[in-house]
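The block underneath contains the structure these notes are about, expressed in structure tokens.
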Amino acid sequence: MDISQQGVARKILWINPVATDLYDAAMAEMFQQVTDPSTAVDVVSFPGIGPTHLEYNCYEMMVMPELMRTIRHAEEQGYDAAVIGCFYDPGLRAARELAKKMVVTAPAEASLRLAATLGDTVSIIVGRRKWIPEMRENVHKYGYADKLSSFKVLEMGVHDFQKDHEDTKHRILSAAEEAVYKDGAEVVILGCTIEFGFYQEVQRHIGVPVLDATIAPLKYAEYLVELRERFGWGHSKIAGYEGPPEHEISDWSLF
Amino acid sequence: MDISQQGVARKILWINPVATDLYDAAMAEMFQQVTDPSTAVDVVSFPGIGPTHLEYNCYEMMVMPELMRTIRHAEEQGYDAAVIGCFYDPGLRAARELAKKMVVTAPAEASLRLAATLGDTVSIIVGRRKWIPEMRENVHKYGYADKLSSFKVLEMGVHDFQKDHEDTKHRILSAAEEAVYKDGAEVVILGCTIEFGFYQEVQRHIGVPVLDATIAPLKYAEYLVELRERFGWGHSKIAGYEGPPEHEISDWSLF
Amino acid sequence: MDISQQGVARKILWINPVATDLYDAAMAEMFQQVTDPSTAVDVVSFPGIGPTHLEYNCYEMMVMPELMRTIRHAEEQGYDAAVIGCFYDPGLRAARELAKKMVVTAPAEASLRLAATLGDTVSIIVGRRKWIPEMRENVHKYGYADKLSSFKVLEMGVHDFQKDHEDTKHRILSAAEEAVYKDGAEVVILGCTIEFGFYQEVQRHIGVPVLDATIAPLKYAEYLVELRERFGWGHSKIAGYEGPPEHEISDWSLF
Amino acid sequence: MDISQQGVARKILWINPVATDLYDAAMAEMFQQVTDPSTAVDVVSFPGIGPTHLEYNCYEMMVMPELMRTIRHAEEQGYDAAVIGCFYDPGLRAARELAKKMVVTAPAEASLRLAATLGDTVSIIVGRRKWIPEMRENVHKYGYADKLSSFKVLEMGVHDFQKDHEDTKHRILSAAEEAVYKDGAEVVILGCTIEFGFYQEVQRHIGVPVLDATIAPLKYAEYLVELRERFGWGHSKIAGYEGPPEHEISDWSLF
Amino acid sequence: MDISQQGVARKILWINPVATDLYDAAMAEMFQQVTDPSTAVDVVSFPGIGPTHLEYNCYEMMVMPELMRTIRHAEEQGYDAAVIGCFYDPGLRAARELAKKMVVTAPAEASLRLAATLGDTVSIIVGRRKWIPEMRENVHKYGYADKLSSFKVLEMGVHDFQKDHEDTKHRILSAAEEAVYKDGAEVVILGCTIEFGFYQEVQRHIGVPVLDATIAPLKYAEYLVELRERFGWGHSKIAGYEGPPEHEISDWSLF
Amino acid sequence: MDISQQGVARKILWINPVATDLYDAAMAEMFQQVTDPSTAVDVVSFPGIGPTHLEYNCYEMMVMPELMRTIRHAEEQGYDAAVIGCFYDPGLRAARELAKKMVVTAPAEASLRLAATLGDTVSIIVGRRKWIPEMRENVHKYGYADKLSSFKVLEMGVHDFQKDHEDTKHRILSAAEEAVYKDGAEVVILGCTIEFGFYQEVQRHIGVPVLDATIAPLKYAEYLVELRERFGWGHSKIAGYEGPPEHEISDWSLF
């Protein structure tokens, strides 16, 4: 985790909460192109033992302590925002509790809020049917149940997306067409961070906004950081995101 | 309407859709301080005959043609975004239809999406009971019915807010305290654009985010402009925001 | 606008809020047949410059001032009710504010309340996909989200409906069959006032209630007028439909 | 049950589904004053053994067979509509199944649909807390959950309402004031048919529509009858209100 | 009705509220196998005049008095629980009012609560389309609207299920496959008590839980009885399930 | 963790997912009294480093791996069910994924499903306002948003409940009274597992069911185990609760 950049106005940490750095470099390169010049983005993952993808909720649970430590460490190191890089938005509530001033966001929340601004209905393109229930829960939780046209299943695992780009693109395009022309979606979300690199071509083809689940939360983080810094609009700490007392954290050597 | 600034990266038009320019200068000054240096914001209002506030939905309706013309003219003049400066979000759907690439947003939408990210519950502080039904309709429409703690009524009209700042501040503070401590709100929204200038002090006092209904949509506009320009994520034009055919507009001399 | 009928018990104004009187005569004739003998119905439209249909929300917005003036003028002339003749129910909230005692209704509201009484589920047959988002918003707003089986699209514009009656009838019938047998609708609504003239034949064929979007609101208006006159049950003026103060209307020469 | 009136255009049967005719005459007299001259209304109750009020759902269940027989008999005798005179709307679904062409309605449905047209929010004034759960279920079922401001409890049983009119009026007025000024209701419904006779005075005092639970459904019945006769818009018989086969009814001597 | 078993810890009465004992013996035999040895289950039906199935809501209404009497009699005879054996859950609210301590449940409630614990989505397999509206109402009432994938129609009446077991099984299997693979259901409910005897084979084939509408409520009753006896957790009698006063019951010779 | 009991029919593991065994013995003793003689219940906690309560979501996240390992180990050791002993129901989705046949439940789910059967409305008595947002999310997720009367706050932390029993009882009683008489609750849930030991006295006093958050899920677990064993009704493994592939678990040494 390198945060040594000087002169930047804001630093964002993108966390791939998995035991592989397979996508870190590609993401970092992409993020450099999409952020403001004064924004520095670091990409970290969790090397060593652990799951290399989070298709299962129990895998998410296994990486939670490392995610919490990363969140806490990030704030100590001066990051202004952290993005939890998984479309299940794992640990988002916890991370917001833990962060004192640092902003935290995640792909589903950021993409859905944006989608609701860009159109009246949205479809989410996922890898496997298995992902749907947890993601639908999030759609409802964030307030967009009435705006959900459908989930479309690609029949691919997380690590399949970047293997054969032509095949992936073809499948996404086909799913997006069904979403838009059959299910009534006005906006499409690529419902996995590892579906990165495809949105432009699909969007050009299908003619409606196709949201990339890495860029959308990163830009949302940039936006939120500025709001917090300039206007003090950070996570409300009075109830749901109230943070734990420091003495407990230190007594229990928690993070 | 002066949009002659050179060298700016993006131009945003703030529209006070009322027949008074009473607040234009103060807003313009404030906006200059809160936007990116590369963002130029112009503030316009509708001089001449018409209502000087929009507390009544039928007043909103009376300014719609001028609002539509302003939206269309703004895009022709190269504005990247327009903000409809009234917390009822009047004409938002229509403006998004009309805009080809220009982004359009408005206070309630922008504030609510942000509030939902900052906390689990929100209260909206309004001037009069009369405003509540239309605003509640918007809260439901945007997806935040489950997150609404309460509306709090100040018993003030739009033009009262800026008359006696101490009195206004006192009333807002008192309403905010009830919202937070009695109704369970974690975030407070000042539900009128003319409640500007108060959020900081109230926020400092109450300790939860207090969203200003002018800054919130302006910054959201800035954010949306960047997304549209860099990633092509503008309003979906396939259904709800599909725009009217040019031949009809010209045949009927509509705007 | 001719309201010179004498001896009538109630007078209703049907407003086709468009710049064409193409359908006025046919509607007036039909209305005469469907109302009580003591009800007089006048049909007006907005001649001169303006849109001849309201498929776009921005078109609706352009006719709002004329609609407001018409509403206000209608009450002054002694109309007991006004019906806003477009299935988007444009300006309904505003018109109810403006009307002091006069009752105002519109097609979607009237049809949906009736449909919910006649069956558990309803489908709405529209001309184009573009219409759906705004109409769905209304369905939700009125309380019938759980009762909506589907929208069916005829792929016709407003002015196509009355061109080739056989073709229109065939398309409506086919859509209605899908709605009833595939989507589970128990009631069908023809979701445009210009789909008039078809309900009987479709209803006879399909065997479930097929609601005409002109007759339904007209009869609802008749019903509401009687309730207001006999029992004082008019629009509540204490909050959402509170009307603007006369001094503002006159100071600003609003209507 | 006397339906011998000649020359009437439509006949409506009001059913007080209880074992007392205590209120029949007063209601009949009132109904005569509120209906169209061409409408004949008969009021029946269920003399003999049975409950004299329906505050308990199990009491409702005990009168169901007699209610069903009455519905069936009413249609055979030529009634155009039947109103089930209890604010729980007991047996409404069943009655609509059973009726072939006759229209059936009930107080809660009729009052709520009307209330939703007259204002954005409604409170229902009931006798005892015990009534609320079943009535709230109906409010939700009919689609008006979002419009419900509150239930207000008078602490009176059904048979108390007509005992001391001054006391009842005072209690209703006090509850209505709380509903309107504290709970935010724009419309008030008197949530029991035996609360008849009070709406006018309360309405005059409180200044918002106060719906009487006898007049509202009766007038709704009149309206529905006309729609069915002129336009064939009766209860959809394709699913929820499909009626039972005659051979079963006769084989089992059901009604 | 034989409840003479000695030495049992709890006695449950299964009520087939129809005028046929056609299924009583088979159910009784099945129930003996599925309950705890200390649970005695009696199965009763309503011999004599009346409907032999309850596909119509008006049939349900006709058996309500006998159902109420049976409920009351059951408690007097010492039954700890009663199950109303019809998937419409007819008379459930009334029965809970009437029962003083006895627990009452019914198939839809019991199956749906269980289904929601076993998976995120559920489909219900019914005999005819006619059944859907009333059952959907119950699904919403119980809180599971968001979890409902679909209703699947077998095109069979109640008395068809047990005629040709192979045919029934084949149809259920085919419907269940559509529910699971096309509609997205994770759990399947057989939405009629007379669909008994099929769940095991269908479940084995389809690989997701297939809930039998007789076993599910019976076991739920057993569970509820134990909770009431050990912990006093019976139906709350303070509002919705408050029972009627004994003096009214006796004055009116109600049950 | 001692599961050496012989002759028991089913074994349930209660997991206190915190770093203190302070309450284990008392719970174990209580559980022995409330379960079937053939049910063996073991109570485990997570000794060593970690939080001793889970008032913060980030604390929940820190114990997730140990919870996952405990779940997996429990199934290997032959437990039939596991109960996650915290009213936030932490890790419930993950645990159900991980469990192959073992049933998993948790306090909020079990209490709410039961409460919805016992009454129409429910209030939850919590320690601190901070707990509400996460718990409300669960209430909505499980389907009971419409049934929630209120959350009542005791102003106590988890470890305060068992300190001064009289004080705790007094506070709970006072909160329960408000819930029942002011907020309209028909059922009360004690919304923390460490509020154990109070339900009986509060229930006796208040006269409505008061659900204990330890007994309710334990008994639900017993019930679910029996359903799974006898009828195969376990968690559906086709989508939301599909478990991870063994080869990944072993390749990554996950649990």
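Residue numbering begins at 1 within each chain, and the chains themselves are lettered A, B, C, D, E and F in the order written.
Heads up, the rule we're going with is that a contact is a pair of C-beta atoms (placed from the backbone, for glycine too) under 8 Å apart; a residue touches a chain by one contact, two chains touch by 3 or more.
Values in this document were obtained by computation on a predicted structure and should not be read as measured data.
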(request) Please identify each chain that touches chain C as well as chain F. (result) A, B, D, E
(message) Suppose chain centres are the mean of their C-alpha atoms. Which chain sits farthest from chain A?
(response) D
(request) Can you grab the rotation angle between chain A and chain E? Superpose on CA, round to the nearest 5°. (result) 120
(message) Between the options A-B, A-E or B-C, which interface matches A-C on more than half of its contact pairs by residue number?
(response) A-E
(message) So the centre of each chain is just the mean of its C-alpha atoms; given that, what is the distance between chain D and chain F in Å?
(response) 45
(message) Centroid from C-alpha atoms only, then distance chain D to chain E, rounded to Å. What do you get?
(response) 30
(request) Could you grab the centroid distance between chain C and chain D? Build each centroid from C-alpha atoms only and quote it in angstrom. (result) 28
(request) For chain D, jot down the residues that touch at least 2 other chains. (result) 120-121, 129, 132-133, 137, 140, 145-146, 184, 186, 238-240
(message) Based on which chains touch which, is the overall arrangement a line, ring, star, complete graph, or other?
(response) other
(request) State which pairs of chains touch, listing all of them. (result) A-B, A-C, A-E, A-F, B-C, B-D, B-F, C-D, C-E, D-E, D-F, E-F
(message) Quick check on the complex: what are the chain A residues that touch chain C?
(response) 119-121, 146, 184, 186
(message) Using the touch definition from the top, list the residues of chain A that touch chain E in their complex.
(response) 129, 132-133, 136-137, 140, 145
(message) Quick check on the complex: what are the chain B residues that touch chain A?
(response) 34, 105, 109, 113-114, 116-121, 142-147, 180, 184, 186-187, 199-200, 203, 207-209, 211-212, 215, 219-220, 223-224, 226-227, 230-241
(message) Touching residues of chain B toward chain C in the complex: what are they?
(response) 19, 49-52, 55-62, 64-65, 67-68, 91, 93-95, 97-98, 129-130, 132-134, 137, 140-141, 238-240, 242-244, 248, 252-255
